[in-house]
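Each of the next two complexes has chain A plus one more chain, namely chain B in the first and chain C in the second.
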Partner chain A sequence: MTGRVVLALAGAAALAFPLVAPTYHTLLMLPFMAYGVVLLGLNLLFGYSGLVSFGHALFIGVGAYAGAFLTGRVGVRHLEAMVLVAVVLGALVAMPVGALCVRYVKIYFGMLTLAFGMLFYTFLLKFYRLTGGDEGMPVLRPFLLGRDLGAIPKTDYLAGPYYYYCLAVLVVAAICMWRIVHSPFGLCLKTIRDNPVKAESLGVSVTRYRWYAFVISAMYAAAGGALLGPPTGNVDPTLAYWTHSGNLVFMTLLGGFGSFFGPLLGAFAFIYLQDFVMSVVPYWRLIFGAILAIIVIFAPAGLMGLFTRRRPAEVSRG
Partner chain B sequence: MILQAEGVRKFYGEFCALDGVSLAIKPGEFVSIIGPNGAGKSTLINVLTGVLRPSAGTVRFKGRDIRGIGPVALARLGMARSFQLVQIFPDLSVLETLQAAVVSRLGHGTRLFASLRRDREVQEGALEVAELFGLSEKRHALAKELPQGDKKLLDVASAFALRPEIILLDEPTSGVSTADKTGIMEILVAASRRIGLKAIIQVEHDMDIVFGYSDRIIALHQGRVLADATPAEIQADERVVDMVIGRKQFSGRPT
Partner chain C sequence: MTQHVVNVVMSGVFHAAILFLVAAGLQVVFGVQKIFNLACGSFYALGAYVGVSAVQAFTDAGGPPWLFVLPLAAAGLAVGAVGVIVERGLLRFVYDRDETFQLLLTFALILMMEDAIRLTWGTAPRSTSALYLVYGQVRILGAIVPVYNLIVIGASLAIALGIGWLLTRTAFGRIIRATADNREMAEALGVDMRRVYAKVFTLGTALGTLGGALVIPATAAMSEMGIELIVEAFAVVVIGGLGSMRGAFVGALIVGVLRSVAISVYPELEMLLIYLIVIAVLVLRPRGLFGGAAA
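Coming up: the complex of A and B.
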């Protein structure tokens, strides 16, 4: 019940945010919402399947570049089309990559995903004619629901219609993911995370289900990537760089991978903390490193772990 | 014959763990496999459950070659197993564990957007098994928080939730107090009748359990079948008593 109240309050706050908060803070919410979509997917792998990907920025890159291609090269400027194409491309790339990666677990899985991420990064960097190299590609302002909003100033566009568009995508993505983790499929993933040997003995194919989770998480990352491009108006290879993948893992740990909303809280905290720390000291990575160490040692359940306690009914000893 | 192995040999490098083992399980049988440590019991279970591929020989389940086909395919074919070292899903509740087995049996695992809570078939199937195994009171408890006996029971119960035709139990009462052993076996036998199980194969060290419940006993020694007979015949077989059971154990309480 408390959870529903908190969720309703968070929803109301998100709706009212552009109306009451300074534009600067509203604009900071845009990457939060894009990363929110990415992390919902990443946590299907991390929290629900027990696989830590260090290369998920690859799929953010796929999504972001798909959007840039559509607006710049193809002339399609509808954000719906950008997200859709990003999701489809993300799935297409994830199918072969995932088929190779999910055969491994733990550090081997992590390193293999990292390797694929770096391959894609290098591709973006070196295939200059196609990708624009280190300069990247421009992302033209997308149409929203078929409407060309080119006449209004950029900040008004981003802090108004674009904000609500991203919020809607995040809500739809969250509802879909909620259904996925509470479905029979979600239960199968949890069995694999907890004990793959036992899961197989019950007829649950470990590699098949891990592959499904990998592809779904890539689709989410690509959708998030498509939303990341328009606010900056440009995409570049750093989107697919391994430190970007590391940030995703950091956000998930910060919020707590053990709960559904943990990664969203992590993304929110990360964006605002990064903004605050960067404005105070130039060595923000040093501060973030220390924070990460503190979380891992003292609060492995992340920020969410500080707020939630397991309900007694759930651990009834009969 | 529901399960048949012929001339099964299994080598680990130079070492021969199984040396021409043949056995046949008929519908309706409760068969125990006994043998001292190193006799090849675990290897045999792993060969029969498709985990290990035999170096030579055939293994057939319902007439199909199941050599090395793996646990997932075998579970679909109708063979389930439990483990010597108890295997649970620590962070799942008793009910979720049983639901997972029912989801797998019904093939609902790829239902991505369906609600598990509203899947009546899965819910009822899991509850039925929980009741059968006396676990319904503890259905919301996390598996890791159960006492050892209940963990063992849950491991076995989840295998039963697959509604297999045949089940292989690797030491179903190991690590359980003597007082609980008979209770577990009684539950197990009752449950197997209820779900219409065709055959049970168990590996067991406790001779009271072996002689109390088996229709037939297969004694392994150094990778070979030393005897394959009824409990009464095994009782009368001096070689088996000397090499496998031991005089002290045997004078205990065979029935």
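Coming up: the complex of A and C.
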């Protein structure tokens, strides 16, 4: 019951945020919500299926570049279309990539996803004429729900309509993911994670279910990627770089991969903490590395683990 | 024509010699401790910076330029001692954890070391100015090759042989291979695992830092050099096979030379080709060319 109260409070706070908080902090919420969508998907793989991808930034890149292409090259500027195309493209790329990756688990899965991520990164970097190389591509301000909001100042646009649009996408994405993980399909994934041999003997097709999870999580990452582009107005290849994938896993672990909302908390904490640390010292990696090390060693259940009473030992074997 | 081919191959082999050192460090740690050390690239960067400082201190103190290799290699090896600190201070807490946590801990190490290097040496690239050609150049089949490159290639070969000798001919090597094969059994036979792990990790670290120090006369030290090298070292060990020393050797040659060829023939291909090979190897033969061999 307390869970619902917290959730309702968080929802109310998110709705009221642009009205009460300084614009600067409202703008920080935009990457949080985009990463929130990405991490909801990533945790279907990490938390629920036990597969750790070190190349998930690949799909963020696919989504972000899909949006940039649509606004810049094709002339379609509806955000709905951008997200939709990103999701479809993410799924199309994830189908063959996932089919190859899910044949392996553990370190080999991580290495194969990392290799695919770096393949895409190199493609973005080297095929200058298509992708703009290391400078990336501009993302024009998208229309929201068919309305051209080009007349209002950029910060008003981002802190107002765009904010609520992202919030709506995040809520819809969260509801869908909630349904997915609490469906029989979600239960099958957890069974596979905990005991693949038993799952197989019960008639659950292990590789096929892992593949479904991979494709779904890629679609989420692509949708989040499409939302990441417009606030900065630019996409570049570092979105697909392997350290970005590492940061995604970091955020998930920071919040706690053992719970549904953990990754969202992780994304929130990561972005605001990073902003805070960078305002004090330029060396945020030093501090974040130390934080990550402490979490890995002492609190593998993440921030969520501090609130719930589960012992870290229970989740340490993921 | 031959001149061009020799040039391309020799620069590839030079790169391979450096890559082999880092990849060998990665392999010995993975073979024994079953930890894929993402931070091996950071050790490489650390070795590079320490190498620059050591050479500068040496020349400032009036040391003869032609002897600069000695402080360079000594500094590269000595700074490998951070391996003990990392192993005792961080890694030993996660040996019985899921490998996700081990990977993330080494990722944390990358983040910390990258900024620690920036904090110590600043963000501007550092180089050892004009020492690269102090040994002159030689003509090989018409191509001009810096003698320093040949020294590094020779040193790397010697180290490869040395590691082979260490692993197959010494008591410590037998313990390493036994531990890689079956940790519990080795422990039951009276091997002190804490010491073995500390030594092996330090060995792995020293190989990485030495690789970084040796590359320094040829290129400048930059703070991003670590995370760039790790993906190449990663390609090397995947192609060669995780945990295999022979694999690291052959893999480094393949990656080093192919990269060099790709750059000269069709620059867009550069790493793209390497990643395609990595994916092909993982899909068709996930154990790599030499997978399965101990350490």
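The rule we apply is simple: the second predicted complex is superposed on the first by the 309 of 318 C-alpha atoms of A that agree within 3 Å, B and C clash if a C-alpha of one lies under 4 Å from a C-alpha of the other, contacts with A are read in each partner's own complex, and residues count from 1 in each chain.
The rule we apply is simple: a residue touches a chain if its C-beta (ideal position, glycine included) is under 8 Å from a C-beta of that chain, and two chains touch if they have at least 3 such contacts.
Note that the structure is predicted; figures quoted are calculated from it, not measured.
By the document's definition of touching, neither partner reaches A:105: not chain B, not chain C.
Between chain B and chain C, more residues of chain A are touched by C. Of the two partner chains placed by the overlay, neither chain B nor chain C lies in contact with A:91. In the superposed pair of complexes, A:301 makes contact with neither chain B nor chain C. In the superposed model, A:119 lies in contact with chain C only, and not with chain B. In the superposed model, A:277 lies in contact with neither chain B nor chain C. In the superposition on chain A, contact is made by A:197 with chain B only, not with chain C.
In the superposed model, A:174 makes contact with neither chain B nor chain C. Once the two complexes are laid over each other on the shared chain, residue contacts for A:183 go to chain B alone; chain C is not touched. By the document's definition of touching, neither partner reaches A:269: not chain B, not chain C.
Across the two superposed structures, the residue set of chain A contacted by chain B and also by chain C is 316-318. Residues of chain C that touch chain A in their complex: 36, 38, 90, 93-94, 97-101, 103-105, 107-116, 118-119, 227, 231, 234-235, 238, 242, 267-272, 275-276, 278-279, 282-283, 286. Against chain B, the residues of chain A that register as touching in their complex are 176, 179-180, 182-188, 190-191, 194-195, 197-205, 209, 212, 313-318. The touching residues of chain A, counted against chain C in their complex, run 46, 52, 54, 100, 103-104, 106-108, 110-112, 114-116, 118-119, 122-123, 126-127, 242-243, 246, 249-250, 253, 283-286, 288-290, 292-293, 296-297, 300, 316-318. Residues of chain B touching chain A in their complex: 70-72, 75-76, 80-81, 83, 87-93, 96-97, 99-101, 103-105, 108-117, 119, 122, 137-142, 145, 155, 158-159, 162.
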